[in-house]
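Two complexes are shown next, each including chain A; its partner changes from chain B in the first to chain C in the second.
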Partner chain A sequence: MSTSSENSLSLIEEYYEEQIIRCMKCGMCQSICPVYYEDSLETGCARGKLALSEALLHGKLEPNHKIEMIFNKCLLCHACAQVCPVGLSPDKVFAAARAEMVKRYDMPWIKSLIYRKLLGEGKLSSLTGTLSLANRLKLFVLARSLSIPKIFGKSAIRLSFATLPDIPSKPFLDRFPELLEPNSKPIGTVGYFVGCAQNSVFQDVSEASVNILLALGYRVIIPKDQGCCGFPHYGAGDFETLKQKIIQNSSAFKKYKLDAIIISCATGGSGLKDVYPEMTKEDNLKTLGANVYDISEFLALKHLDDLKKMMPTDKKEKIKITYHDACHLNRLQGISSQPRQLLRIMPSYELVEMENSTKCCGEGGGFTFYYQNISSSIANRKKETIKNTGAKVVALGCPGCRAQISGALKQEGLDIDTKHTVCLLWDEIKKGKDSNF
Partner chain B sequence: MLNKVLVDKFVSIVGSLNVLTDESDLLLYSYDATQLYKIPDLVVIVNNAEEVSKVIKFAKANNLNVYPRGSGTNLSGGSIPVDGGVVIELNRLNKILNIDVENRIAVVEPGVIAATLDAEVSKKGLFYPPDPGSIAVATIGGCVAEGAGGLRALKYGTTKDYIIGLEVVLPNGDILRTGSFSSLRGSPGFDLTHLFVGSEGTLGIITKIAVKLIYPAKSRKTFLVMYDSVGKAGIAVAKIIENKIIPSTMEFLDKITINAVEDFTKIGLPRDIEALLLIEVDGEPEDVETAAKILEEVCLSVGARSISIAKNDAERMRLMEARRAALPVLARLKPTTILEDATVPRSKVADMLERIHEIQDKYNLMIGSFGHAGDGNLHPTILVDRRNKEEMKKVDMAIKEIFDYCIELGGTLTGEHGIGIVKAPFMEKEFKKEGLSLFRDIKKTLDPENKLNPNKIVGAKEVHLEYI
Partner chain C sequence: MMKERSERYLFDSERIENNLADKNLPFGDETPYSITYPESNKDVLEILNWANKEKLKVIPRGSMSSLSGGACALSSSLVINFSKMNKIIEIDTHDLVLTVEPGAKLKDIYFEVERSGLYFPIDSFSSYNGTAGGAAGENYQGMRFAKYGDTRLNTMQIELVNPVHGIVTLGGKTVKNVSGYDAKIAWIGSEGTLGIFTKLMYKLMPLPEKRTIITLPFDSIDVFFDFKKKFDSLKIFVSALDLMSSKVASYISEVSSKYLSFVLIEGRTLEVERLKKEILKFAESNKAQIFEGNDFDFMYKKRLNMGEKTLNDKLFADDVTLPIKTCSDFLKFLEGRRYDFLLHVQDGGVLVFRKEPPGKNDDIYEKVLEQNGSLISERQLGIQPKRELFLEKMGSVYIELMRSLKKAVDPNFILSPNRYIF
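Here is the complex of A and B:
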C-alpha cells in the first residue's frame, strides 16, 4: 500500500468532488437518520453536512470548531447511504472531513490520549491495563457521579463505561497462545482478529469464538503482534494512525498462510472489509493475506449443520431472545440473517424480533463523547423496543452496541442480559457436550 | 447577520436554543431540493402558532422578510430565503392532534411527516391517498403549501382534494381559522381554505391542518405494459380511460429511463421498447377483476408488445421496481439531476415527449422522462454536471422551450412541485396579464408590505440563485 501523507488528502478530495457534488438535496436521509430524528436539525442529517462540505470546498465557509462539531454529529451508522437515491456514502465523506479537521486542529488531549496512546500503541495491553484499573477503582462510576464530563469540556464519560463488566487484568492476547491446535486433524487454518474491546473488556467473546473454531476442527492462529483495527481512528479522523494500523495488521496476518481471517467484532470487521480497501485500494486478500469473515457469517455459511449436531437435545422452556442489528454488521457488511440462523438452531432460545432492530443504538464511537444527550436518547428508544419484546436476552455482534445497550438496560435496572451471539452459541455447545456424556 | 438587539428579541420569543445565528447553521437553512441556495439572516425554530404569530409581528415591525420552511424538500425554490430575512422552521410542530374515525377526519400540525400521517391513519383502517415521491420526508404542511400530488393522483386526486380546514397565521400576525375541523361540509362564502392550499407560504403560515380520510381499497391488480412507440402508449392511456377505467396508478417511463433502470437493476426490461406503463387498478375485488380484463384487452388492442400481471405481493413489488428505480438510476448517470415537472392534457403526452426528445438533441443534453401518464404529469429529468457553466446555460434554454411548448399544448407549469422561485418567470405565460395581476392583488391584500416569502409565485422581482 501507499503510505504517502498525500494519500488521505487525495481520498478526501476525491470524495469532496465526486460524492458531495452529487447530493441532490432531496433530504431523503432525514427519513432514516437517528440523529435527525432526535432534534430535527439540519446539522444532524447527511444533506446538511454534505452542504457544509460543499461550502468548505468552494471556499464559501472557512473551517472552524463549530463546523468540526457538526461533522462529529454523525454516528457513521451508514443508514443514510441505504436510502440515498443517488447512492452516496455520506459517512465516508464525513470521516474524511473529520480527518481534514484533525489535520488542521490536531486532536484535543483527551482524544489524543485515547486514540493515539491507548488504541494506537502497537500491542493492546496498555488499554486493558488502564481500563481494568480504572474499572476496579470504580473511576467511571465516580466520574459520572461527579460530573467530570464538565472538566472535559463538551465531552462526557460515556453511559456505557459506568456499567462495564469486571475487566480481567490480563488481556486476551496474553492469556491465549499464538497457535492453537484442534483435537483432531485440522480441517483448515484460520486467523483470529481479536480487536481492542474483545482483547480487554469483552474477552468472553474472543474465548467463545476461538473455542467454537477449535471445536469445529480449525487450527487457530492469533497473531501476537496484531493491533487495533483502526476503525476508531478512521471515525475520529486520525487517518495517520489508521494507516499505521493497516501496516501493522497487514504484516501480523500476512506472515501466516490462512484460509480465512475471522473476527467477532462488527466494527473491526467493517474496518477490515470496508475501510482497508478504501484506504489501500486493494482487497483483503492482498492486504491481509486472506478474506475476512465475521464469525456469525463464517459459521452460518460453512458450519450450520455441524453446529446443529453440537446442540443440546433437552427442550425445556425456551428463553425469549431478541437480536439487535449492529450498523457495522448489518449495513457495512450486509450481515443480518446469519446471526439469526445461529440463534434459531439454539434449543434454549426462542427468537422474538424487536421493532426497528436495524436502528442504531446511538453509540457511534466518539459521538457519545460529543453528543451524550442525543446518544442516550437514542439508546433509550432502543431499550424500549427491547423491553417490548419481553426478551430476557439481547443478542448482538458488536462491542460498542453491547456497552451502550447494556448500559441503558442496567440504568433502568432491567434484568435483561446483553450477549454476543457466539457466547450464547458456545454456552449451548458446552451444554451439548455435557448432555452427550 | 442581524444585530444583537433583534436577535435577543427572537430569543425572548422562542428561547436561545431555537434561534440559529452561526454562519454554518444559516447555510443549512439556505437551500431546498432545487439545490439552489441563499443564506438567510436568521433561523427561528417555532413550537406553536402563537410563537409563529409573535415572530411574524416582530419581523414585520422590523422590516424583515419571513420564510416558512418544513423539511426543505420542495423542488421549486419555495423555501429558499431569496431576499434575506428570517427562516421560520416548522418541523417541530409535529403532533397528530386527532384522528376522528367516525367522521373520517384527522387534525394535524404542519410538521408531521406525510408518511407518518398515512401510517397512523392506516392503523385505524383509514387511508390518506396523496403520496408524493418525497412522502418519507416531506411535511404535511409543505404538501398543503405546494399542493403535492403523487402516484395515486389520477384516481384519488392530490393534496388539494383532502384539505377541509386550516389554521393560518396571516402576514399581519393574526391567527385565522378556515373551513371546518370537524365536518366535511365546508363553511359558506369564499373558499378561504383553498386560497391557502398551494399558496406556497406566500399568503400565510399554516399551523394546523384538517384532512379528510377515506377507506382503503380492498383489492388491487398491477400491470406492466411495454410499447414499441410512445404514441401507442399514449393512445392506450387515453383508451383505458375512455373505457371508464380509472386506474389508481398509471405511470410512464421513456426509453432513456428504461435503459437506465435496466443498466442498474438488470430486471430484464427489453432495451428496444420506447415506453413502459405501470398500471394499477384497485377497488372491490369483483370490480378489479372486471377492470383488469378490460384493461388487458385495451392494452393489447393498441399493440402492446407484452403485458406482465402481478399474481401476488412479491410480483407486484417486482413490477413496481422499474418505476421506483426511475429517479435513482437517472440520478446516478450524471453528477447533477434537475427534476422538472410539466403537465399537459393526457392526449398530448406523446407530443410533449416527442418535443422533449427534439430539445434534448438540439442542446445535446441527456433528458430522461417518466411520470404520471394518467394525468399528463411528466417529469423530464435533465442530467448534467452543474460545474459545466456552458451546459447549464443550455439547460436554462431547454427548460424554457419545454414550458413554452407545454403551455402551447394547453398544459400547466407544474403538476405537483409548485411555482416557487424557479417557475415564477413563466407565470404570465400561463395566466396572462389579467391572471397574474389578480394573483398579485390577492398577495397585496394579505401581505401589503410583501414580507412573507416574497417573490415566490407572483415573481415581483427577478431573482438569480446559485448552487453552493
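Here is the complex of A and C:
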C-alpha cells in the first residue's frame, strides 16, 4: 500500500499529478457533467476543478474551505472520465483532493460521526441500530417536517429517509448465519459482501441475493467480520479509514476458499473492483482471495438459462418496468446489459427504456447534503424521464440511487415502485412453478 | 466600485479555475481580473456599460473550446462567461429557424433539432463542446462547408450588445429579406471585437433521410486526385470529402495505407445509394469500408472527436486554404516537411498538424501565399502568431477601414482586445 509523505499535497501528487498536468482543458467534461448542467459554473465540471488542482500543486493558490467545498461539488459519477479524450479520471483526482482537505482540516463532527463511527466500525450494528431506532421514533419524519436545513434541507433523499421501509433492529449480518448450504449438492462456494445499506436499510436486497444464490445451488459464506466497503470514506476523503476497511475486508474474505465474491451494491462493487486495486496496487485475487462480481453480472453471465427455467409460466398482463443505470454500476463496472438481460426474462414485466438512463440521479454520497438544490434538480430530471416511460417500477442496482429516486418520486406522490433487480428476480422465482425452492 | 458589484463579479478562486489556456496554443494562459456570468441581454448591457466607463477590457466566453485563443483571458480583462445563457429558445418547424442563447451547447442543439426531424449543419473541430455564440463569433464550419456553407451563411438574425448602441438586432427571421446592408454578416466571425451576441437565429433544414460514411484507402496523392477527377464528373457536392495522412486517419480507423479518404454522404436514400455506388466504382478499391446505422453514429462521433485526439498527441493544428487545383502540390510540400494533414477536398481547406507551432514567417505561409491561398481556413486569427503576417498582407487601407468600423461601435477598444487585427 502506498504511503503519504509529509508534503501538504502529497495525496494528489502521489496519485494524480500526472493526470492534472495532462488535462488539455478541452471542456469535453463540461458537455457531459450533470453538476455543470445545473449550475453552469466552471467549478461544476472537471476542467475547472483540475485548473484549481493545478494551481494548488504549483502554489498559485492556498487551500481553503471554499476550495474544499468546490472539490465536494462532484458526484464522482465518472461521466467526465468516460468522454475525456486524454483518458483521465478526474473524479479520482477530486477524491484525493478531498483527502488532502481532510488531512488539513479534519472532518466536521457530523461527518466524523457518520464515516468513522457508524460506517467505520466493524459489524455496522450501530448504523443499523441508529437508523432503526430513528425510523421507529419517526425522527426522520420529524426532521422532515421541521425541515432541519443543515441535515436534510430540500434534498430528495430527505423525503426518502422520511419514508424509509421498516428497518429491522438487527443488521442482516446478525440475522443470517455465516455459512448457508443449498438444498442440493453445492455447485460452488461464493462469498457474499453485504455492504452498509443492505446490511441495515435495504435488507430485502441481501435476502434476495443470498436466496437466489442458494436456489442456484451455491454454498454461500457471509463473513461476519466484514465491514463497510470503504467507498463512502474514499468519496469523503477519509483515506485512513478506507485503508482500514481494505485490511478488514481482506482478512474477512481471504480466510475462505471462494470461487467468487458476490456483491449487490453498485457502490460497494466499485469500491472493491476499482478503488481497492487503485489503493493497494494489487488485484482482487490477491487482496480479497477471489474475483468480485456484481450480482446481476454474475447471474447473467453464468446462470441466465437456469434462471429462465425458474420463471413463472402463467401469463398475466405485463407491468411496465424501466431501468436506471447507476453510475457506479454502468460506468465504473461496465455493467449495463446484464441487469437488462435479467429483467427481460421476467415474464411479469415489460422493459421500457427511459431517456438518458445512464445520467446520474444526483445522489453522490455526501453531495446530496452539501449541494441539496443541485442534487434535487438532477433527481427531478431523472423523475421526469421515469414518468415519461409510463413504468410502474424502476429497477436499479444501487442503494444510493434507490433512496434518491424513490425520494424524488414520493415527493410528487407518484405510484412508482423503486426496486433492486434481484428483488424483482427473487419475487419471480418465488412465483415460478419450476423453482427449486 | 468592484466591491459594490461583488455578487455579479467573481474575484476569488473562480478566477483561477477560469485560467484556461487555449488547448491548441502554447501561450495565452492568463488568469483574468474577474469573471461574470450574465443571465440576460440586460445583464450584458449593464456589464458593458460599466466596463466601458471603467475602460476595462472584456472577453466573451462560451465553453472555451476554441483553437485559436479567441476566448483566452488577459490578466487585465473581465471574462463574460455565457454558460448561464444556454437556452434553446425555439425550434420553429414551420419557418425552419432555430433561436438560441449564445451559451447553448452545439451538442444539445444537434440533439433537440434532430429530435424535431430537422438538421443543423454547422460543425467544427470542437463542435461536440462548442456553443452557439462561439459558432457565430468564430464563424464555425468544419468538414461540411462546401455543401452547407459556414455559420455566416446559416445565420438569419443576431441580437448583440455594444457599448455605443446598446442592444441591437440585425437581420430577420424571414428568408427573403433583401433591402439594405446585410450588416449581420460583418459581425459573424468578428471574434467578439464588434459586439457581444445575446441571441442568435440560425437556419435549419430537413433531416437527411440517410447518412453514410465511406472510407477509402490510398497509397499515393496522385492516385487520390485521379479519383477526385472522376468524382468531379458527378458535378455534386457530398457533405464531406476529406483526405488525411495515415497518422491523422489512425484516430478514426485502423490504417494500413499511406492516406485515407473520408466521404460523408447525406440525403434521400436513393440519392445516397446512387452516389455510394459511383464512388466505390471510381475508387476501384476493394478495401473501402461503409458505415451506416449504428456504425455510422460510432464513426461520425470518432470523426468529430478527432481534433481532441490530435491535441492529445500534442500536435499543433494550423489551418490554411489553397485553391483546389494546387492542393496536390501543397500536400506533397507538407509531406516533404513530414507534417501530417487533413484536406477538405471540396473547399481546399487544409489542417496542418505538426509538433511545433509555426512562427510568423513559417515557410508554409510563404507557400500558401505563393499559390494564392489564404492564411486562414475555418478558424479565426484569434491570438495566433500569423496575425502579424495577415496584417502585413491586408495592408493599411483594409486596416483603416476595419478600425473605422470598430471605432463606431467600440470607441474605447474594450471588446476582445488583441484579437483579429486590433
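The rule is short, and it goes like this: the second predicted complex is superposed on the first by the 408 of 437 C-alpha atoms of A that agree within 3 Å, B and C clash if a C-alpha of one lies under 4 Å from a C-alpha of the other, contacts with A are read in each partner's own complex, and residues count from 1 in each chain.
Assume a contact is a pair of C-beta atoms (placed from the backbone, for glycine too) under 8 Å apart; a residue touches a chain by one contact, two chains touch by 3 or more.
Only a predicted model underlies this, so the values are computations on that prediction, with no experimental measurement involved.
Peer 1: For the overlay on chain A, clash or fit between chain B and chain C?
Peer 2: Aligned on chain A, chain C clashes with chain B.
Peer 1: Kindly classify A:21 by the partners it touches after superposition: chain B alone (first), chain C alone (second), both, or neither?
Peer 2: The answer is first: A:21 touches chain B but not chain C.
Peer 1: Would you check which partner chain A:51 touches, where first means chain B only, second means chain C only, and both and neither mean what they say?
Peer 2: both
Peer 1: Examine A:59 and indicate which partner it touches, taking first as chain B and second as chain C; both and neither are also allowed.
Peer 2: Neither partner.
Peer 1: Scan A:67 for contacts with chain B and chain C and give back first, second, both or neither.
Peer 2: Touch partners of A:67: chain B and chain C.
Peer 1: What is the contact status of A:413 with respect to chain B (first) and chain C (second): first, second, both, or neither?
Peer 2: neither
Peer 1: Following superposition on chain A, which residues of chain A contact chain B and also contact chain C?
Peer 2: Overlap of chain B and chain C footprints on chain A: residues 24-28, 30-31, 40-43, 48, 51-52, 55, 60-61, 64, 66-67, 70, 85-86.
Peer 1: What part of chain C is in contact with chain A in the complex they form?
Peer 2: Interface residues on chain C, with respect to chain A: 12-14, 16-23, 35, 37, 63-65, 81, 83-84, 86, 103, 105, 107, 126, 128-129, 305, 308-309, 311-312.
Peer 1: Over in the complex, which chain A residues touch chain C? Could you list them?
Peer 2: Interface residues on chain A, with respect to chain C: 24-28, 30-31, 36, 40-43, 47-49, 51-52, 55, 60-61, 64, 66-67, 70, 85-86.
Peer 1: So in the complex, the part of chain A that touches chain B is made up of which residues?
Peer 2: Within the complex, chain A contacts chain B at residues 18, 21-28, 30-31, 40-43, 48, 51-52, 54-55, 58, 60-61, 64, 66-67, 70, 83, 85-87.
Peer 1: What residues of chain B sit close enough to touch chain A in their complex?
Peer 2: Those residues of chain B that touch chain A are 22-25, 27-35, 37, 71-73, 91-92, 94, 111, 113, 115, 134, 136-137, 327-328, 331-332, 335-337, 339, 385-387, 468.
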